[in-house]
Each structure stands twice: as C-alpha cells, then as structure tokens.
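Both complexes shown next keep subunit A, but they swap its partner, so subunit B is in the first and subunit C is in the second.
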Partner chain A sequence: MGLVPTPSIARTHVMNEPAIELRGLQHRYDTDLVLRGVDLRIEHGEVFGFLGHNGAGKTTAMNILTTLITPTAGTAAVCGYDVVTERSEVTRRIGYLPADVRMYGHMSALENLEFLAKLSGLPDARAAAMEALEFLGCADLAKRRVGTFSTGMRQRIGIAQAIVHRPHVLLLDEPTSGLDPMGVRQLRNTITQLNAELGMTVFMNTHLLSEVSKVCTTIGVLNHGELIYNDSIENTTLRFPDESSLEDIYVRVGGPTP
Partner chain B sequence: MSESTRRITQVARHEYRAALRSRVLVILIAILVASTIGSVLIGASDYAAQLADYNTYRAAAEAQGLTRIAPSPLAVLALLRGALEYIEILGAIIAITLGYLSVSRERVNRTLPLMRSRPLTGAELATGSYLGALGIFATLIVATALVGVVSLGLIGHDWISPIQVLRVTLACLAALLYLSAFYCLGAIATARAKVPVNGLTIALGIWLVVVLVLPQIGDTLDADNQLPGGLFQALGLDHDGELAVLTHFTGYERVRTGIEEASLAKHFERFAFAMTDVKERYRPYGLSWLLNETRNNIAWLLAYAAVLFAALRRTLSRQQPIETGGNS
Partner chain C sequence: MTATSTSGRAVIGTVSAQQALTFRRQRVRLIGVATLIMVTAMAGILGWSSHHTIVRVFDQAVQLQAAAGNPAPANPFLLKPSLSLLSNMVVYIPLIGALIALMVGHLAMAEDQTNGMGRLIFTRPIARTQYALGKILSAVRLLATALAGCWALSLVALLIVNRTLNGPDLARLTGFYALSWAYLVVFALIGMLTALLIRRRSLALLSAIAVWIVVTFVLPQFVSGLRPTQSLNPLSEPAGLSQGFFRITHLAQPISLVEGYKDAASSILRTTPATTAAETALSVLPTLIAAATLALLVLWRIQRHDYSRSASDE
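Entry: the complex of A and B
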C-alpha cells in the first residue's frame, strides 16, 4: 500500500510559495539572543540540512517552524502560511520529529499513530496509521507497546507519526541522535524515499556532516544565531574545490568543528 | 461535527483511557469506592433495623385503632451522607491528582510537542482534558450512587421514590461540579509549576485550606452551628447569649461569614446535604423549595467551576509546549 501526499490541501497555493521562508527571524530567551535575523528560503522538493554546533539556534528555528514557540521578531512561513497568524494551516502541512522522540509508552505503536492522526483531522486514522507503518516497513511493530521499543524502533515510529497525515514539509530535529550505524543508514534511506516517492520537502537539523553530504540537496550553516552560509551541495562542492569533505568546507565557511 | 469538536472529543477519550491506566489514580478511586460502599452498607443495615422497629410500632398502633400515628423519623437518603463526605474529601484529592497527572503526563513523556505541532490548540487541549476528567468523575459518581441506592433498597429495605432519585441526581451533578473545580486546580498548579510535582503540592495545600481548614473555622466559631468544643459552647453561652456577644464583633463575624462563603466545599456540602435530607431542617420541604433555598450554593458552585475552567483554558493556551532556554 503506498502513501501519497494529501491532495485535499490547497496545493496550488502551496506550490506557488516556497516550502519554508524565514525573514529577519529573531528569537530571544530572556537576555540571550539565539536567532539573529535569519533569512532563508527553501523550495519544494529540497532536502535541507541545517548545520550548526550545539546552541547555534537550530532547534529554536525548528520550534518556531513547528509553531511551538513564537518568534521575538521577523517572520517564518511554511508553504506561504505564517507560523504565528496562520498556525492551523501550517500545522496541517508539517510533520515533526523531535530530537529524542517520546510517545505514550503504554499504548501500542498503532494506537499512538491513530491518536495523532485523528488530531490531524484524518477521517480514517487507523488506515492512515497502518499505511505509514507499512511504508516504513515496520508494520510488525503495530500492536506492540511503544514503551518496550529500542531507540531505533522509536525513531521509526516517530517518523511514522510525522508522515501519517502526509505533510508537505517534514521537520526532523537531530534525527540520527542515539541511532547505531545501521539505524543511521536506514534513516538516510527513509529520508531519500520520503523525498523521492512522496515529494516531501525535508528540513533537517543535524551536526552529522557525513549524513548531510549523502542526503541533502541544500545546506545552511548557523553560527551563534546567524546564517553564515546557504547553498546547494552541488554549488558548495564547486565553490570549495580544494576541500576534500563537507567537514572541511564547514570549517572553512566559519562553523566551528562539529 | 466540526474539526475542533472532533479534536476535543479525541483528547477527551485519550484522557479518559489514560486516567484509567494510572495505577495511583485507580488505587485512590478504589479506596473512595470501598469507603463509600462500606459506609452505605453499614448505614443501610442499621436503617433496616430502625425501619423494622418503626413498622412494628406502626402495626401495633394501627391494631390498637389509634388515629394519630407518628410519621417515620427516618430519612433514607441521609444514609448517603458518608458517601458525600468521602467525595468532598477523598474525591477532591482524586480530582487534584487527576489534574496533576493530566498535565505532568504530557510534560514528562514529552508528548506535548507532538500534539501541539498538529492543528490542536491549547484551548482544545484544555477542553478535551477537562471533558475526559468529567467522564472519569461521572463514572465514579454514578457507580457510587448506584451501589448506594441499590444497597438502600436491598439491605435497608427501602427503595427510593422517583423524586428521591431526582434529588440524588442533583447531588451527583453538584459533586461533578465540585470535583471538576479541583481537577482544574490540580491541572493549573501543575502547568504553572516549573517542576510538575510542586504543582501537586501547591494544589493539595490549597485543598487542605479550602476543604478542611476554612470550613472548620466556620463551624467552630459559628453561633448557629456549634460543634462540641466550639468557642461559645466552651464559654457556656446559650444561643441568645452567643448572638449578643457577636453584636460586638460584627467585623469578625463578617470575615467568618466571608470565609465560609468562599469555601467551595461548604457550598457543595450545603447543597448535597439539602438534597439528601442530611440536614433535618430541610426534611419537611419539597424539591422546588429546596432548590430556591440553596440557589446561592448552586450559583457559587457554578461560578467556581466556570472560573477555574476558564483559568485552565487560559493557562494551557499560554503554556509553552516545550521547555525553553535549554539546547537552543
């Protein structure tokens, strides 16, 4: 059974606007300015790797895009919808995988997914949940309690909950954290599959440069709340022909060694 | 059904099921139900004996051809007093615990961001959780009332009339309002506290003052309601003497009355006791008279429930779904 991006949402509007657009985005925690006027545009179909050291502001940017926090200044939009004033439209179009995803441990994977799918307004939530599990090749986990899952299994169910409502934009916060090499490889394949087969735009926070070079089409580097670099992987390789790896490029453009 | 209503219903169902899966809550509910049933069963068997005595007297009086036979002094619904008092005290603790669990579960599991990154708003989350909690309370109250009423019939040998069923139902509705207010208190305190368990402690502290301390102050110093050991009784003053003394303490009397009026537990108790014939002075009157007499208590209960629910909606709407200030 295959998943298809939901056609019910006004796709014309969606496709005419960039998948994600940040304009002068700022955020402050008390006196600490963690995002300093970030401007960024991500087109549909891209797999965007948001790089930066711990505390650079990546998670804050993602929390703004997921509508979980309100920016102090500037604007952020998903598919042309403002995350503050059009929250409901935004949340219909995003799928979110938090770092260290947790779910209801006493419920089965299918129950967790069904509950979240219903909150997204899916009419046949159970079928959608089952489809998502089958798409990710983990239908065998459907009836098992999430509390008994390993990190890798939890991550797969986490992705399933993020895609169960067929979002246009998938927001992944440090998706590889805690995964073993096999898990990382599996996740990489999943991201590629979601992008290629379902046409989802992927926005991924990470500091694993090896993953970025294998999966992403575009990268952005955030340093102390400022976007110091943003270009496609292709152009990046052309611009820095002398550097042998993305890690070298990352250091070159100003990011500290991850 | 609108999309918003569907989401609220979904959260309510989720809340209801999650509450039933909480071991702490189930134990507390079991204690409440066992205490209530125990109290009603003991009362009902005692009542059966008293009813038999009265029926013997009545049969003897009729056999002697007496025309003036004393009416039964028994009030079957008054046997529910224990149940109402358990709801007043233990029920409030259960409601606060449910409010705490409802908020802390999402915070500790870190599932709040998953829910709030969907079209669900804070107000919908609050309403859904509240309705789920009402479902739990309704189940608890209805089960307790049913066991109580059936026990009165089977053991007390006195099946209650339809109008008495209505009065018990009204008392149950008051209990629902009362418990919902404490649920909101527990949930608000937990949502506002940095560490969830501190919210529970604060809510239980407020419960202690509102349910135990304030009504006790009122009862101990009330000239109309002297407990053994009360101030005026200890001074050996009769009722007129008490009133005469109190004319010199109008400010104090105003404060005391205010404290009593502010007590949510008092309002619930007065209304529920009036409905169930616990207070002897209410027994001669019909339902419409009782409702009119206790309208003030009904209004206070409604006001408390409405204000606390509004505060819960506001708190959860403003609550950040994630702990901020950490890894940025």
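Entry: the complex of A and C
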C-alpha cells in the first residue's frame, strides 16, 4: 500500500529536536492548578504511554500539545516548535485522535477525511484520504456516512484523519475508550504499524495498563498534575522486579488504582 | 504527498464549501430558500389582490357616477408605483427572513462545537479568522441564493401584473433585495455570535431569538411607538422630540435597525412619500454598521473560544 514514511518537513530540524518536550508546564482552570510544572522529553520513534487517574491532567497536557489551549506557564514544543508561538509549524507535524471522535455524520468517511486533508494543505486531498483508509484496511467504509458508524468504525476513521497528512507525532487521547476487545487488539496493531512502518512517534493517554505494556516503549505517570514517574518499559520492569504487572508498578510508584 | 502551506483563501473556500454541503444535506438551504420564496409569492399575491380590489371598487364607483351623469376623476390608484406590489415584503423580511438568518448563522457556528469537529479542525494549520470567514461566507451565500430566488420571483410577478418593468424600477427591485440581504446578514451574524458566546446550543439559539425580539419589537416601541402624534398620523412631523423623555427615545432611533430597514426599503420601493437619496442612505447606514460590527465581534470571539471542550446540545 502506498503510504510512505513521514515526509520531510524541515526534516533536519525535526530530527535534531526531541519529538515532544515539556518544560515546567503548568495549566490552571480558574483556581484549579491541573498541571504543576511538568518536565518531559520524548524522543523520535518512541511510543509513549501517559498514565494517570481521571483528572490527573493528561487531557490538559494533550490539549496544550494540540495547540487547543495555551499553557498558563512553562513551555511545550513538538519537533522543536513551540506550541504557542509556532502553532502553525506544530499543527503540520501532529495528528490528533480525541477520546470521543465524532465527525460530520451526514458526510461519508472519505468526504470527512478529504475536508480535513484540505485543511492540512495537502495538494491531492482525496487521494491522501483514500490512501489513509486503505492503509488502515477500511477502504470499504469510504463511501458510507459516518453517522451510521459503530464506535469501532468511528475510531478507525478517527485514526485515518489523524494520519492523513503523515504527521511526525501522533497524539492519541484514550484511544481504547468504548472499544470491544477485538477493537482494542486492532488498535494496538495499528499503533505498532504506524510506529514501525511510518516512523511516527506516538503519545498516548490511556487507562489500559495491559495495552501500555504491549505497545509502549516508555511510560510517564501523572498524579494530580505532577509527573511522578518517567522511564522506558524495559527499565521499569528491571527497577521493579518484584511486581508481576505494570498495574502493580503503577500502584507502587504512587498512582491510585485506575 | 507533503503538506504544503495552505493559503488563507483556500482555507476559507474549503470551510465555506463544507458548510454549504452541510446546509444542503441537512435541508437548511431547501427550507430557507423555499420559505423566503413562499413569502415572496404571498406578498405578490396579497399586493396584487389588494390593488385589484381597490381598483375594481373605484371603477364601480366611477360607473355609478357616470350613470348618474356626474363626472368622475381618473383612478388615482393606477398611479401607484409598480413596486408597491411588494410592499408586504418590507414586513416579512424582518419577521420571517430574520428568523431564518438567525437559524442559518447559529447552525453554521454551533455544529462544529457540538460534534467535536472543532477540535479536529483547529489541530490543523489554519487560522481561526480564516475558519470564521469561511463560515460567514457560507451563510452570506445561502442568504444571497435565497434572496436571488425572491428577486427572480418578484420580477416575474411584476411582469405578469404590470406587463412591463422599466430600468429604474428594476434597479430599485435589485436595491431592495440587496438591502434585505444586508439586513439578513446582520441576523446570521447574531446567530453566530451567540453560538460562540453561549456554549449550550439551545440557550444560544434562544438568546439569538431574544435579540431578534428586541430589535424587531422592543426597539421600535421606544422610537416611533412612543410618539403618539406620529402613530396617529405617520405623515406629520414628530411632536415634542426636544422635550424630556422623547429626547432619549429620539437618540435610540439610529439603533432601531428594523425601523431603519423599513424606512430605507419603503423608500427604495417608493411605497412611502418620496425621500431624498441622502435620507435613504442614512436609513441604510445602521444596517451596514451593525453587519460590520457583528462580523468583527465574531472574528474577535472565535480567537478566544475554547474548542478543546465540546458544547452541550441539551
């Protein structure tokens, strides 16, 4: 299939900088401080699992990385570009899958993807949309209206829209929510495929620790807005040899049971 | 297939085309155009019917006078301006047209908040101003399409009833619909602005309707409705404008959009005593100022809108 590895948009600059870098990142909703000076560095090619209980600040961090909100203090950069001052460069390099992906229900999957691909500035948006659908093995959904889709189908189309412009960094917010076991397995394979074949860096907010251990190369644990743990899966299992699962490790490092 | 820099015009065009497709698929365009065309047809029929009745009654009176051997004057109603056939449109546009425009503006701006598409759109390299301009363009085009249909139907009705239509009247007809379009754009922008200011969809639409009620019914009561002499005889000079409370209500006149629209529209259609071009232009001015101000407010508000959260549609 025709999807090629992530294209070179100022590739040299991109590869010299970390895929994602957060420095002293803070965010406040009114009086509620939800991110308390998070420092994090994620290298290219990693699949990063961002763990934390509900309300820990994971989605807020993702909203900052997607440029949807502006941090109260600190900085966040994607491929070396600041999310506030270089928004346009950042949005060219990210693909985003929200937790509850919904699109125009009256439009077909292909029409939705074509519209978003055009906004991404792709010269042949329709071909790019079709390629993304074929890559994910859901070309059969192209002509169907999104309003008729199941949760699993919507999730696949959601991933297609996130990769249609071949981003360097894929931001997935609770990608397994609402999926059945088959859907979860399919998603896991897709993430692995996107990382291995297209070289995309994946940043994933999740609750499913079993999936994290199968897919992620590094993890970070956020607790009440503070990053309390950050290491590779390999090192994590070495550091906690007595714990039988990632869930046990998660509880050990301070996060409450999800 | 590398992402290239997207030109502002291309983004505006893409957003506008997508919204036009949404209007078409959700039958908003059909409902909007059909309603305004039906209203135009109704105005034409009512205008023709009342004119025809008056002329016939006068002709019968002339026949009676002639039978009694009395001289009868020429029928003055035949001297009425040909465009007076559409005089009811001056009432229908602020009542029905403005409500349709509110709905169009609200739908254009609110849907992306409710269905979560705003989050996907604003994680693309586009500016919020471009997005807002695309939405405005789609609403403006829809209203223009509807009014173009009304213009064509009015033209046909006038040709059927009057047999002929001269150049100046054609220009006046076009001018009337251009003014009506500007007036409806104001309400489409009010629909957009309330959708951006109020997150709950139902409340946003209700607020837009509240604004429409104030503009259409409340403000006129503060202006001409408070001048008893003018209410009794609209041709006489307003009395006591320089005294007490009427000084305040007189100040409110420029912001009474609907009165400005009615004055200008009636003047263009020549259904009221002749006014100067400057007076007509002055009546049009509040509508144009309101449209420009509201467009700027929409562009300002969208910069601050939080698209990371979905709006509630309850």
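Throughout what follows, the second predicted complex is superposed on the first by the 255 of 258 C-alpha atoms of A that agree within 3 Å, B and C clash if a C-alpha of one lies under 4 Å from a C-alpha of the other, contacts with A are read in each partner's own complex, and residues count from 1 in each chain.
One rule holds in what follows: a contact is a pair of C-beta atoms (placed from the backbone, for glycine too) under 8 Å apart; a residue touches a chain by one contact, two chains touch by 3 or more.
This structure is a prediction, so every number in the text was calculated from the model and none was measured.
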item: Fit or clash between subunit C and subunit B when superposed on subunit A; value: clash
item: Touching partner for A:V221 - first (subunit B), second (subunit C), both, neither; value: neither
item: Contacts of A:I249 with subunit B and subunit C, given as first, second, both or neither; value: neither
item: A:K118 touches, of subunit B and subunit C: first, second, both or neither?; value: both
item: Subunit B versus subunit C as contact partner of A:G105, first or second or both or neither; value: both
item: First, second, both or neither for A:T91, with subunit B first and subunit C second; value: both
item: First, second, both or neither for A:V34, with subunit B first and subunit C second; value: first
item: Contacts of A:I159 with subunit B and subunit C, given as first, second, both or neither; value: neither
item: First (subunit B), second (subunit C), both or neither touched by A:A56; value: first
item: First, second, both or neither for A:L141, with subunit B first and subunit C second; value: neither
item: Subunit B/subunit C common contact set on subunit A; value: 63, 66-69, 87-88, 91-92, 94, 96, 98, 100-106, 115-116, 118-121, 161, 165
item: Of subunit A, residues touching subunit B in the complex; value: 29-30, 32, 34, 54-60, 63, 66-69, 87-88, 91-92, 94, 96, 98, 100-106, 115-116, 118-121, 161, 165
item: Footprint of subunit C on subunit A - complex, ascending; value: 7-9, 63, 66-69, 87-89, 91-92, 94, 96, 98, 100-107, 111, 115-116, 118-124, 127-128, 131, 161, 165-166
item: Contact set on subunit C toward subunit A in their complex; value: 1-6, 10-11, 14-15, 18, 21-22, 25-26, 115-117, 119-126, 306-308, 310
item: Residues of subunit B defined as touching subunit A within the complex; value: 3, 6-7, 10-11, 14, 18, 21, 109-111, 113-121, 320-322, 324-325, 327-328
